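In order of appearance the chains are A, B, C and D, and numbering begins at 1 in each one.
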Amino acid sequence: MQKSLKTKFLGHTINSPLVLPAGVIGMAFSGFNISIENGAGIVTSKSLTMKPRTGHRGPIIAEFEGGFLNCMGLCNPGIVDGLVEIDQFKKRSNIPVIASVFATSTKDFLKLTKHVNNSKADFLELNLSCPNVFDEFGIPLSASHDEVYKITKAVKQISTLPVITKLSPNVYDIVSIAKAAESAGSDALCMINTVGPGMLIDTKMIKPVLFNKFGGLSGPCVKPIALKLIYQTYSAVNIPILGMGGVTYGEDAIGMLMAGAEVIGVGTAVHYRGIEVFNKINSEIMEFMAENGYASLQEIPKLEKLKM
Amino acid sequence: MEKRITLKIAKIVDETRDIKTFTFNHSLGAKPGQFIMLTDFEGGEKPFSISDCSKNEFSITVKRIGDFTTRLFQKCVGDYVSIRGAYGSSFFVSNKKVLLVGGGYAVPTFNFLAKVLLETGADITLINGACTRAEHVFDNSFKNLNINVINTTDDGTLGEAGTAVEIAQKIIAQGKFDFVYASGPELMMKALQNVIGDLEYEFLFERYMKCAVGICGSCTMDPSGIRLCVEGPVLSKRKVEKLTEFGKYHRDASGKRIKF
Amino acid sequence: MQKSLKTKFLGHTINSPLVLPAGVIGMAFSGFNISIENGAGIVTSKSLTMKPRTGHRGPIIAEFEGGFLNCMGLCNPGIVDGLVEIDQFKKRSNIPVIASVFATSTKDFLKLTKHVNNSKADFLELNLSCPNVFDEFGIPLSASHDEVYKITKAVKQISTLPVITKLSPNVYDIVSIAKAAESAGSDALCMINTVGPGMLIDTKMIKPVLFNKFGGLSGPCVKPIALKLIYQTYSAVNIPILGMGGVTYGEDAIGMLMAGAEVIGVGTAVHYRGIEVFNKINSEIMEFMAENGYASLQEIPKLEKLKM
Amino acid sequence: MEKRITLKIAKIVDETRDIKTFTFNHSLGAKPGQFIMLTDFEGGEKPFSISDCSKNEFSITVKRIGDFTTRLFQKCVGDYVSIRGAYGSSFFVSNKKVLLVGGGYAVPTFNFLAKVLLETGADITLINGACTRAEHVFDNSFKNLNINVINTTDDGTLGEAGTAVEIAQKIIAQGKFDFVYASGPELMMKALQNVIGDLEYEFLFERYMKCAVGICGSCTMDPSGIRLCVEGPVLSKRKVEKLTEFGKYHRDASGKRIKF
């Protein structure tokens, strides 16, 4: 049975369609290890920036009905040390690694790309969509069709790895943004990043719970938003989609596949179901396939495309 | 994530010039070794081990060390702080002859542990170590418990002169113990590991923590990826032996490796 | 104690700060009755359009972790019959009623305003933000600073009632939209309408659960988004805010007040806690006030305003 | 909202040319009088009363009347449909002498009710009314139950000639009953109310329903705002007597009042 979850993503064969997304557990190579031990098929690094960042002061995470708010603030050891973690992981494993990078200018994205070219990473992911550094950097790049096009295009020209563009859900017209990435040569799309952002209040101390006040939403409550955006995008582009946002059970993963995703990220669910969540969802997908008579992931049908 | 709760500080006790115990009226339901995350919403949310926990009360014992703890030291009884937890793994509850080796602000968690072990009928020896008399804590609390206490200070200003590990080595050599617990500076625990022989043990580790719910990856331990906030902070011998970073490096808030 | 929940909204004294929002229960005058019987302080009609609308075909509602998706599709009996329901309610009650109206052109909004002028309604609410009629009407008016200004301004010139502008959460910059409404003369803001929209999929039948495919999110999961937008808006405008979005418990209502709302809508929570939800939240607010030593709603502090 | 579940149709029985019973293998845990919302995701989601419900099975009995029910009639055993529920209030379970008055496609819900009432030892008389023989349903099901059945058709083609209410009036006059249940066309129930005297009763109402979870307001009853999908569809005498719209008007999908 295990065999039937084998699939391909951008030319790499993977044992499970489940992806550890950027910023979840994967700060160090040991974070990748625990995730693949527990069934992930691809792992993603924390979004790496040119310089190390300590991120926002705490609280940086808060729970509410249906999910989490987080405002990590892109804490990461910087591109150099971050790639050391990836290389150390790749010494002992051939599980594909996505190097996620974040910058605010094309120039820095190009510098980051060169670093990644020289690493053992398998894919390059452009995080154009972090909602938690608004104060510092303003509206995410991924809200602008032109910025997405410009950066993706420039990076594609020098990247030796397949490029994945990570999109924000907080836009009016996801299709135009997705098409910008596609026409700039992006090899795949990753969606969605966190939603909102939102805020929670401590009513006794009369303070925002997050020190940064606002944080992006993830977890079960963002699933319908993710499904909708993935489905719209799938209907409009021809590059594969790494779908994520609230996937917690096998049923959610199947929904993402039907909406158009090729592989599926599982982030916040690590909290709800433990680090074993990847193996659990793998089994649930296999059960679903057995019950409904699908022999491989490819046989699971997609929704009829939206008419545009 | 255990629901966040905002509580008034019910009691503050000065342990030393730089160490205070804060007590809260709240039924936390924690186990020895576990910790809470605490914030005042003024910047920073930090992990603290539970130094006492009864049905309706719990305490943490804090060393003033930087911005956050300095601000905490300025709070008064009746001021609000907000906590979440208890989080993490807890100490194995042995009913045999056990040795507790602690150093500095990390000793008070053994107050909570000792109380629980006593209920199972364990025979407890505690080495309560500090650099110097002025940093030695919880003397009185331990006196009230039915345990053997060996106080040590590096400079001999209180109890025996020498490190906690030196004392531990001596009494372990006498072959009296079934199980060893340690909580203190990582290099102390590393030294202890070298003299502990074949004894079973559990160590309480500290790493930079942000989410405390196993999601952000700040606290994974090389190479297996044990998340210290979920699978730790208490690790068994079997797990400790596999750590490649133990006593060598830890990571800061950015994830950068910092050598000890 | 009951007295302490008395407050004022746009000159009207109300017994509870809790508002039945547009589209929830209030299709007929009997829907207003059951809501005030159970403790609501203000009621809002379903958004009324020039002509009757039967709305979308079902399923028009779907539950997920943390809330509901709905795509009612603005079903309503039309402005004439809708106002009959309001007038019939006002015959026996002096609880304030908000007449919510929806149109797609200034011209129709003006026609609707004239109808409402001739009714017994106490406030006029402009729904510029329904996300569930996208196919029919495109991006909500409330996404455009200019449209919000133009329509509100025109309506204000002829309305004999205080005008409340209802905003969509699905915008880049809520503050500029809110300021457009304020500078056009809007007397208050109502926020937020539903979030997203989102989608759910039936994995056995490989179909979107909602027949309209997409529906707006409401319920507990939208609370952080509502709090954030209300807080941002409160920090930037000087007109009162009718805050809503996921309020389910007294604690949530207190949070909304602290974020800057003056009165609070309770919609989807009617499902989670029964129609008694208004009385339940009223009591919870009073308990909170007693515990924390606030003698009136006005004493409950607001968060420090955001620096802009 | 009870979780949505997508089920295969397990059995289809033709009751009349225009009425079919659909059975599903699912433990619904419903009570008599409750309903489900059913959809095939092809447009429309509609309420149907439960006509039978055991531990692992339940049935609905549907009259072909418009687009949705016509599509439903084309489905075969093994086809999927998706349901949610059971929703709404249920019938009072009496253990006395009770009269059930039903008309048309609304009679089968009494099959489920009668089974439950029999368990409490109630003495049941059912008036099973229809316009004509070809629309008369559930004859055989009721024959298998230990109840008194009086079949009526308006045109006398089956059982007694006359409306169910005429028969009801006669036998109520004989003073034999403690409780009356009715399910059928609203004007039938209105007529029944006029002849029911001082007896306690419960009527099952139908109104346009969209959400079925008490939130959209499609089904509120004037003047009190009883939501028929939550506080109904079964209403007690006390509630029915306060309705000002009973037998006068209902509302369509837009909320517009439609006179009966």
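Quick notes
In this section, a contact is a pair of C-beta atoms (placed from the backbone, for glycine too) under 8 Å apart; a residue touches a chain by one contact, two chains touch by 3 or more.
Note that the structure is predicted; figures quoted are calculated from it, not measured.
In summary, no chain was found to touch both chain B and chain D.
Chain centres here are C-alpha means, and the one lying farthest from chain A is D.
Chain B and chain C have Cα centroids lying 51 Å from one another.
Work out the mean CA point of chain A and of chain B, and you get 36 Å between them. Of all residues in chain B, none touches 2 or more other chains. Multi-chain contact residues of chain A, defined as those touching 2 or more other chains: 204, 207-208. Taken together, the touching pairs link the chains end to end in a line with two free ends. All chain pairs that count as touching, in label order, are A-B, A-C, C-D. Here chain D touches chain C in the complex through residues 1, 3-4, 6, 37, 39-46, 80, 82, 210-211, 213-218, 220-227, 230, 251-257, going by the rule given at the top. Chain A contributes residues 64-67, 69, 139, 143, 170, 172, 195-201, 203-204, 206-208, 213-215, 217, 220-221, 223-228, 231, 246, 248, 251, 254-255, 258-259, 288, 292, 301, 303, 306 to its touches with chain C in the complex. Residue ranges on chain A touching chain B, taken from their complex, read 23-35, 37, 46, 52-55, 57-63, 68, 70, 72, 75-78, 81-82, 202, 204-205, 207-209, 211, 267-268, 270-271, 274-275.
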